[in-house]
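Take a look at these structures.
Presented sequentially are two complexes of chain A, the first with chain B as partner and the second with chain C.
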Partner chain A sequence: MSNNAVENFEPKILVFACNWCTYAGADLAGTSRLQYPPNVRVLRVPCSCRVNPQFVLRAFQRGIDGVLVAGCHPGDCHYTTGNYYTRRRFLLITRMMDYMGIDSRRFHTRWISGAEGPKFQQVVTEMINEVKAIGPNDKFRDDAKIEVKAVETNE
Partner chain B sequence: MERVGVFICHCGSNIGAVVDCARVAEAVRNYPGVAYSTDYKYMCSEPGQEMIQNAIKEHNLNRVVVASCSPRMHEKTFRACVEKVGMNPYMFEMANIREHCSWVHAGKNEEATEKAIDLVKMAVSKVCKNEVLQKGHAPVTKRALVVGGGIAGIQCALDIANNGYQVDILERTPSIGGKMSQIDKTFPTIDCSACILTPKMVEASSHPNIKLITFAELEKVEGYVGNFDVTIRSKARSVDMSKCTGCGTCMTKCPGKADDEFNMKLRKRTAIYTPFPQAIPNKPVIDRESCLKFKSRKEGKDVCGICAKMCPAGAIDYEQEDELFVEKYGAIVMATGYEQFDHSVYGEYGYGKYPDVISGLHFERLVNASGPTQGHIVRPSDHKEPKTVVMVKCVGSRDPEHGKSYCSRTCCMYTAKQATMIRDHCPDTKVYVFYMDVRTPGKLYDEFYNRTREEYGVDYIRGRVSKIYQEGEQLIVKGEDTLLGQQVEIAADLVILANAMIPNPDSEKMAQTVGIGYDKDGWFTESHPKLGPVETHTAGVFLAGACQGPKDIPDSVAQAGAAAVKVCALLSKDQLETEPTVSVVDTKLCSGCGLCVPVCPYKAITLETIQERKGGKTVERQVANVNSSLCQGCGACTVTCRSGSANLKHFTNAQILAEVDALCQTMQ
Partner chain C sequence: MSNIQNEMRAVAKELLESGKATVVLGWEKGTMPYDSTPVMIRSAADVDKLIWDEYCLQNLSTYLIDFINTEDKVAIFAKGCDTRAYNRLVHDRRINPKNSIVIGVPCSGMKNPKVAAKTPEGAEVPMANACKECRYPNPVACDQKIGSDVTPWCTAKDFSDVEAIEAMDADAKAAFWKEQYSKCIRCYACRNICPACNCTNCIFDQSASGWCSKDVNASENQFYGVTRAFHVAGRCIECGQCEAVCPSDIPIMLMNKKFIKDIDTLFGNYEAGLVTEGTTPLNSYQVADPEEFM
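Let's turn to the complex of A and B:
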């Protein structure tokens, strides 16, 4: 990719938002007219614990540049304990991404309550800027053109 | 064959001014599954809904996507709309292109339109995978629990009980009555607080449909709307309620002494006590922290026991312990009230160290005829009548730095009330009030405030107090009069601070126990600030009174009545419709590992044995089974499941992945 293309790069970020806290927080950002860059798409799930790490991997595989999983603050889960599972599961996925050589800054887990419209704005804005700096996800996607260096063997 | 109808709403100019709605409709017209696509000014309006219904009939649609506001706003509206023409409401999806798009991307019309197209494509992809779902039914326990026995709780319980339903009031202190029982007079009518509260307390205690559970706490809440299982901790009173007659003999000779919380620690009470003379139930409890017997037991001795010797009914029971019991309720009302802000964080007011700098609630006890001074307004330090009183408003309110950012709403009025009461009791006493603003929205409130200044001659000074310090017997109050633009210095005998209202210190823990939301300060969150002021996001849990935010008595009573109506509407049903969006287990795939069982917060999953034919033989094996009336649809089990046999209806793996894929496809 040319430098120019990287400079004009507009990442696409998928947000898995729990229905009770973060989706409401994103709604509040809307009703408060808090502006943020239009690079995010929110996908509503009942609870952040509904997000299977496989969904996240699939999104990366299909070429998404960043994924945010966001739910209620620990202790505030509508279903009492859901976000504790989220926290543990996605700690592991971050490590797995590191291990696989994918920049784990492409993935974040955040707690955003229904009263935190400004936090939603702040979190997504920061993440967009971060992913913009990293550049497009061209390593993990199915159609990635991986340069394979031919290894000469003597056999 | 999927035939999706897509309807893009302009929401007037809310969406239309930013998103090119016609272009969105055009862009998805040929998207897989879409049979019809259009845009309209107001989709939720009567003609908008008719348009959807007509299109369903005309174009033989079997799925509908509406792109408009948040589904939290209008999902119900549109589900009902499609259901009217015979479509299953779960064959409907919403794309949020207002809160999540047009409102947050003002001026970026091109990008916002692209985003709206993405969001609609995601919704279309999902709706194509949607399945017909039917609502379930669950029974309703026709009994309500009101947590908190203040004026809001009492009023709410009375309203529910008068509608013919059983209701329990759970109160953590030994008596119902709450903060209102500590207050002397009420604004703007200056009628005696006890005179209007105690008849209600008596009515609640003698009502055949009301049961009082005092000196008890909420321990655990399980279950769901219509069927809550509430674990209550009944704290050890050390007095057998069934034997005690409430004669009060035990209290006369008790040698144990403690600060009297009811009287704001302005005097002492005995260790076995009722909080105030009109307490209900009027039966004492032993405060084990200050009781000589319990204190001596900690040191391995066993002394005193005077109350047991005095009690003619033999009701004293030192061996009582906390008891846990579980009760079933259909609805819960939180009416847990407020606390008073602690002004000791303010250095300028003396860090709470000067005895003659008191809070509003202290003053209520000072001026109360049954209070520690029999209603004489005197300085706590030397019991002399004050000749100059300074009152300071907004102590902790409207101060994001050290206190709270909000206005406590009641302080302007109670300060005015207290100022008039000082002038009534001690006509020679001069009263000054330092204020930031005077806010008196309420019936007859502003008239009352004007009377305070004009008829009672109370001196209002617009400005903040910068310092209070002791000089001899007096307190020097330094401040600024911003209207005159000069410094003011007043030698006062008594300073009364209008402390802010704050949530109970454990309100967050309480909210977590019940499973409701709370805001940054700890007030419980209502489901909608305007249209759902008494509901919470947890079905079956309602709010009354100051636990939702600062409120005066009329507002608390009004909200209590509103909450009671919601409770009665719920309890009047014989059966409740339950959401079909619950987990299911594909027994063919389930290996019976049981990992999902402990993950479920509702204990909805159990392992059961099924019989199968395998290789000509009948074999038994274990599989997970979801009780659909217990499942609340969080989806925790679906991710835990190793074999992928657990799935959540309406949020299935296939549906979510279809959305993910739809989004990613638009990138290629």
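Let's turn to the complex of A and C:
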């Protein structure tokens, strides 16, 4: 990877945002006109606990460079306990990703409430900058699939 | 060993003749000296097929799933790991303990059939990988027992192989796993033999769901490997059957043991397959669990 390629690289970051807090936090960041780079795609989920680790693996396979799973602070889950399960699950998966050789800077879990627009801005900005610095993800990628997809869109 | 074998045959005969069992699951001699395969016996006249030697590696508990909707009364012979597998299946409500009789057999460690296949006859064959690290050679629960308990040769979990991978840098780790999983032919033998992989509908049989593709490439194979390991995380009873049956010699236990190690470190030491009630690490939580996501 040449330095030039890394400099021009615009990472794709996928955010799984819990409907009840982080999604509202992202919305607040927007209505407050807090700026952050446009590399983020937000995918709304009913609870952070909805995020099956397969979703994260699938994202990396299909060419995403960084994944953020974000939900309510422990104790604040709309379904009372969902995020406690999220926490156990992703403590393990974060370590497994590292074990498989995926740079741990590419994958984060964070608690971001509906009132934390600035935190949303800060977390995604930091993540985009970090992933920009380490370059595109080439681990776990299913390049065959990505090419097929590109052909389909060009039609 | 032959004393145990004689006792096995006698017990099987008695159970079948008295009608306490309609089927007995044990091992018979296979085509090779290093090959002892499962056998299903329905008639007292056939009990002499039963054998007990150092290659009775295969776990028989998973076969009980096939009997959940039958009226059979099934007796199985079970080593230490097999009784943990039995508990796993009862815990997961996949077998009916009322329809089964577990005959515990303390085990001194089975030999590695894969190595035996490549070893000249008469030469020493090492123990199977999982047996080397076994902490429960004696049945953890059974209805009756044959033979006497042995002294376990391991008392603590050994994670040195996992630590060796953890010590590698990210690129080396990725290269290692990519190479290993490029060999996977997706035969699903590891899943089929696993007592923790007991789902009625496995996601890997539902390729139309969009979750998993049947493509056999390093990416999809790793997705399979991690997903299966995660599905058994907190439930894997460390029998090593998955790795033992893998035709491509993929070090599957390195994945399972990584989860076991992290579960022990993060949520407290956990021994799967010792009980049949209560929660497992991933279907429970503690408010005081480690917090890294603030």
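The rule we apply is simple: the second predicted complex is superposed on the first by the 141 of 155 C-alpha atoms of A that agree within 3 Å, B and C clash if a C-alpha of one lies under 4 Å from a C-alpha of the other, contacts with A are read in each partner's own complex, and residues count from 1 in each chain.
One rule holds for everything that comes next: contacts are C-beta pairs under 8 Å (C-beta built on N, C-alpha and C of every residue); 3 or more make two chains touch, one makes a residue touch a chain.
Computed from a predicted structure; not experimentally measured.
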Quick check for you: in the superposed arrangement, does A:Arg89 touch first (chain B), second (chain C), both or neither?
both
After lining up the shared chain so the two structures overlap, which partner does A:Asp103 touch, if you call chain B first and chain C second: first, second, both or neither?
second
Contacts for A:Val51 in the overlay, against chain B (first) and chain C (second): which applies, first, second, both or neither?
first
Applying the touch criterion given at the start, work out whether A:Leu68 contacts chain B, chain C, both or neither, answering first, second, both or neither.
neither
Who does A:Trp111 touch here: chain B (first), chain C (second), both, or neither?
second
Please indicate which partner A:Thr81 is in contact with in the superposed arrangement: first for chain B, second for chain C, both, or neither.
both
Which partner does A:Phe140 contact after superposing on A: first (chain B), second (chain C), both, neither?
second
Intersected contact list for chain A, partners chain B and chain C 53, 58, 75, 81, 85, 89, 143
Help me check something: in the complex, which residues belonging to chain C touch chain A?
165-166, 170-177, 211, 213, 215, 217, 219-220, 222-223, 226-227, 229-230, 233, 255, 258-259, 262-263, 266-267, 281-283, 285-287, 289-294
Residues of chain A touching chain B in the complex:
10, 12, 14, 20-21, 23-24, 26-27, 29-31, 33-38, 41-47, 49-53, 55, 58-59, 62-64, 75-76, 78-82, 85, 89, 113-115, 121, 143
The residues of chain A that touch chain C in their complex are 53-54, 57-58, 61, 74-75, 81, 84-85, 87-96, 98-103, 108-111, 139-145
Within their complex, chain B touches chain A through residues 70-72, 96, 98-101, 103-106, 108, 111-112, 114-115, 118-119, 122, 508, 511-512, 515, 517-520, 525, 537-538, 581, 599, 601-602, 632-636, 638-640, 648, 651, 653, 656-657, 659-661, 663-665, 667-668
